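The same chain A turns up in both complexes below, where it pairs with chain B and then with chain C.
Up next, the complex of A and B:
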């Protein structure tokens, strides 16, 4: 309810402020509202779709289906999981509830992380929009897909080294995962679906609201021009683009078009870093992932993903 | 067990981060030693041989410092200007380049805008060879044919055929064809690349003449004279334009008084939306078809000749001879040819090139008791003969220079004394009319075809 109320409040204030005439909000406040609402408008359909897919996985897919279909070898299993995004084309916001559903359904936390990080990039919508924006120029498309795939599997391997997989989760979500299936007795599948939708929406929407507010606020405070002036330096351009991706929190399905105008200013590698890092780690994603993973895990995840994204960008700059 | 698990993960995490940091550091060092690189380049290899001021745009992978002309090398050489904007280095060619030639453009010392690291950028491209069209009349033995061929290629193909083709004009993907009916009236059709025919309604029954196509705008122009006795004509050599991709309805071109103009001669001006025309009272005007009521008087001359390929000037004739008239300023420069021995110049048969101009000259030959035609390249006070008919009794009917001034197509009648007219009431020719293609730089005859009306 808090999340829904916050989101509705943002829309109401933005709508009313446009009719206030002389009492209109300052430009910075209007920018903040517009930017925050744009993140919500962009993300909400995918969040809802992700929750629905999560419910489908948890309630309607047989318990052992994923376990039976996926390879037994752990490396091949993670490779297969990182390609699941091709079948479940949800952007990163929708992947959080879906990844939660996969954990509930028996995947390890490391495997779920692999899906969470690969699916926003290795999915048909993202590949098509990136191809439309950049074509084969400078290998941006190839580097993005390959980079996303490799980073997801690196993270999957790294966290698979952690023997205490539930220890990576927040205590609350770990407890939910530990509940015996018997607690659902007496309910129809539709009933379970409705209950899960309310529960997941109640968990995810406040995080989305807070993430959108934070993204809007930082964009108002930090001028984009500061980032653009760094565009031509091989190292600073990559860092600038990763910071930009972190701040603006744009969805992976549309981020290629967002960044296309910057392609004439920034080095190709920095564009790739933006397109790889943004879908995996940004303000909104961290807020959403905080519903599932411990803070320490998110810090470790961010460090590795940031370094790997920068490396992918540097390699592209070197060879292109 | 928990501690063991933690330490195993911690070791993997530290190792992963360490490896990534080392790799990132290594690539930072490597990339910081690199200067800008060429990401991609754009050039219209067809347009660059037909138009002036075409650009090669080289996209560097990062913003670069301004490049000067001294840093640019072009092989084979060509006049150019260079500009830099962000990550784009634009090399603008002053004149059209040579056909079918591989060019290499190198830019040395291209410096990164951020850290000054420099490198060389090179791009190579091959220009297109022209597709030529000309009209071959059957002489009554079948339909007339519009032929297509290459300048250096022997291949020959019929692009379109129809009975009694009066004239044609070529667009890149279509041909505008005027045919004559048995009653002597013209009919105008647009023939698509797949052979589809689109009829264009003329202002009435009458004859079309001086048909021209403007490749840049896709517009067709012609003069029209309606049938019937002269005093009752609504149109007499009235200049019309028609946009086949628009309404496809011919519109009269209006002169200084806002009325449709009747012309002795006219031409599209390349690389512009302008038309230069000589009215029937010999006044010459410049009309911008893209602007309403934009008509500029250029003066009164006896004849209007060929517009230069760069669209900057036109040859005109006054009582003292030929002049080069600047279309931008209206200023004239007298063309003073270094004549061949005993030669005279008649009319406006001259066409200016990038450097110098081509001049048709006539030399009296006592043996045949007539004049022999010569085509002469003039410039820098010197004259070099490019072509003359093999038979002294042959004549040069007209000539047209390729848009890049590399070749000249020369219409000749091999022997005037035995020539037979083809009987066409409009745009008639000798049945033996031949077109010869000469390389202007070397004077070499590279091709001869039976026909006329070459469209470059």
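Up next, the complex of A and C:
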């Protein structure tokens, strides 16, 4: 009752406050708000879709289905997992709740990480939008898909070497995963679904808000010109594009359109680095992944993914 | 109501804070999304093609949110966090909630000239295919009145031959952004082009030569400029072609401020 009244009250306040003409903020402050809100509104439907799919995987799919269907060999298993994005086409922000759900369902942390990194790129929507934007020019499409696939499997292999898989997770999330699979709250599946929604939304949304605030702030502060002037140098252009991807934090389903206008000023390799690095690591994603992984893991992940993305970009620059 | 709160243990209070923080943020994000959708203002933040998807997912989440109010609360499995973790969570929570208040209280707005300058007008080839020299050459005189800021900026990038622009009158609407090289005599009639959302907005603009424009038209004001293109009379500006207006009028911000 209180909750419903709260929602109605929010609608009323939003309706009334929109007519306040006197609340004129300085341009920079207003643009910071607009950009941050834009990050939230753009990501929100994907986050919700990710949570709904995560609920489906955790509550509605039989416990052993995923584990049974996947190959036994660990390398092949990760290869199969990195192709799961074809069936579950969510962009990276939706993948975080889904990857959490997969860990709860019995995948190892390294396997879930492979999914988290591969799915935003190796998925039909991303492939189609990248093809629409670039076609076959300079091998950008192929380099993106192959690069994303290889990096995800490299990361999966690296972290699978870690002896203590739960030690990669935040203590809070590890504790939740450690519950026996039969642990139930004696509720219906619908009840469990709703409770899981509250739990996941409560974990992901604060991270999304903070990530959006940081992304908005950096965009207002860092002049775009600084990055664009670096465009024609084979190495600097790659670094500049990766910084841009890190800052801009747009979803992988749409980033190809965003970067298309830069394609004439930047070398193709740097465009590939943007398209490979951005979906895996950016301000918003780090905030979201922090809900699940320890800081040390995120630092290692960022370094390896950055080096690998830069390498893919360099190869494209020298080949094309 | 507060009597109930005082009966909770410390861990239960913490669990309640975590739960309500998440629900409050979800409620704010969903209410703002739905309200923007109903009042047709989502286009200030995202490309029109995502509006239906966004509203469907918001409706699903809103239904789950309302259902959660009715649901029986279950126990939390979280280990009790350390004091430092609690402090970080509280600070982050306050920051996120403060931003949520701003989301609810501040009227929605388009991006301003500050971002246009920060992102450098016409610095990318966005909308390169909107008009080409060949397609524009074959058009009749009346067609040019329909050309947008994006169409003209695309043409200006392709050719700076003054002869091309003869007999092609412009009639464009956009907001005023000062030219950084010659702010006293030049401004841009500018628009943002978005491909996905306001985050990726790219500024495009048509340079207008009008000495002392600032006395009449403040930056960020929406204007309609009619006139013809000539070789840029300004010596300081880096533009080669500029629009010399025959008429400038202040107009209301269009319902669809971004171009796609």
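As a working rule, the second predicted complex is superposed on the first by the 293 of 320 C-alpha atoms of A that agree within 3 Å, B and C clash if a C-alpha of one lies under 4 Å from a C-alpha of the other, contacts with A are read in each partner's own complex, and residues count from 1 in each chain.
Rule of thumb we're sticking to: a contact is a pair of C-beta atoms (placed from the backbone, for glycine too) under 8 Å apart; a residue touches a chain by one contact, two chains touch by 3 or more.
Computed from a predicted model, the values in this text were never measured in an experiment.
Residue contacts after overlaying the shared chain place A:302 against neither chain B nor chain C. Using the contact criterion defined above for the overlaid structures, shared-chain residue A:27 touches chain C, although it does not reach chain B. Once the two complexes are overlaid on the shared chain, A:162 sits against chain B while remaining clear of chain C. Of the two partner chains, chain B and chain C are each touched by A:265. By the document's definition of touching, of the two partners only chain C reaches A:171; chain B does not. Legend: residue contacts after superposition of the two complexes on their common chain; A:49 is shown touching chain C, with no touch to chain B. Looking at the superposed arrangement, the partner reaching more residues of chain A, out of chain B and chain C, is C.
When both complexes are overlaid on chain A, the residue A:234 reaches chain B alone and has no touch with chain C.
With the contact threshold set out at the top, residues 264-265 of chain A are in contact with chain B in one structure and with chain C in the other. On chain A, the positions that touch chain B within their shared complex are 137-138, 154, 158-159, 161-164, 167, 231-237, 264-265, 267-269, 300, 303-304, 307-308, 310-311, 314-315, 317-318, 320. On chain B, the positions that touch chain A within their shared complex are 1-2, 4-6, 8-9, 12-13, 16-17, 20-21, 23-24, 27-28, 30-32, 34, 37, 39-40, 61-63, 86-88, 112-115. Contacts from chain C toward chain A in the complex involve residues 18-19, 21-36, 39, 42, 44-46, 50, 53-54, 56-58, 60-62, 64-69, 71-72, 74-75, 77-79, 81, 92-93, 95-96, 99-100, 102-115, 118-120, 123-128, 195-200, 202, 220.
Only residues 1-4, 6-7, 10-11, 13-15, 17-21, 23, 25, 27-28, 30-31, 33-42, 44-46, 48-49, 51-52, 171-172, 175-176, 179, 185, 187, 191, 193-195, 197-199, 201-203, 205-206, 209-210, 212-213, 215, 219-220, 223-225, 228, 248-251, 254-255, 257-258, 260-265 of chain A touch chain C when the two sit together in their complex.
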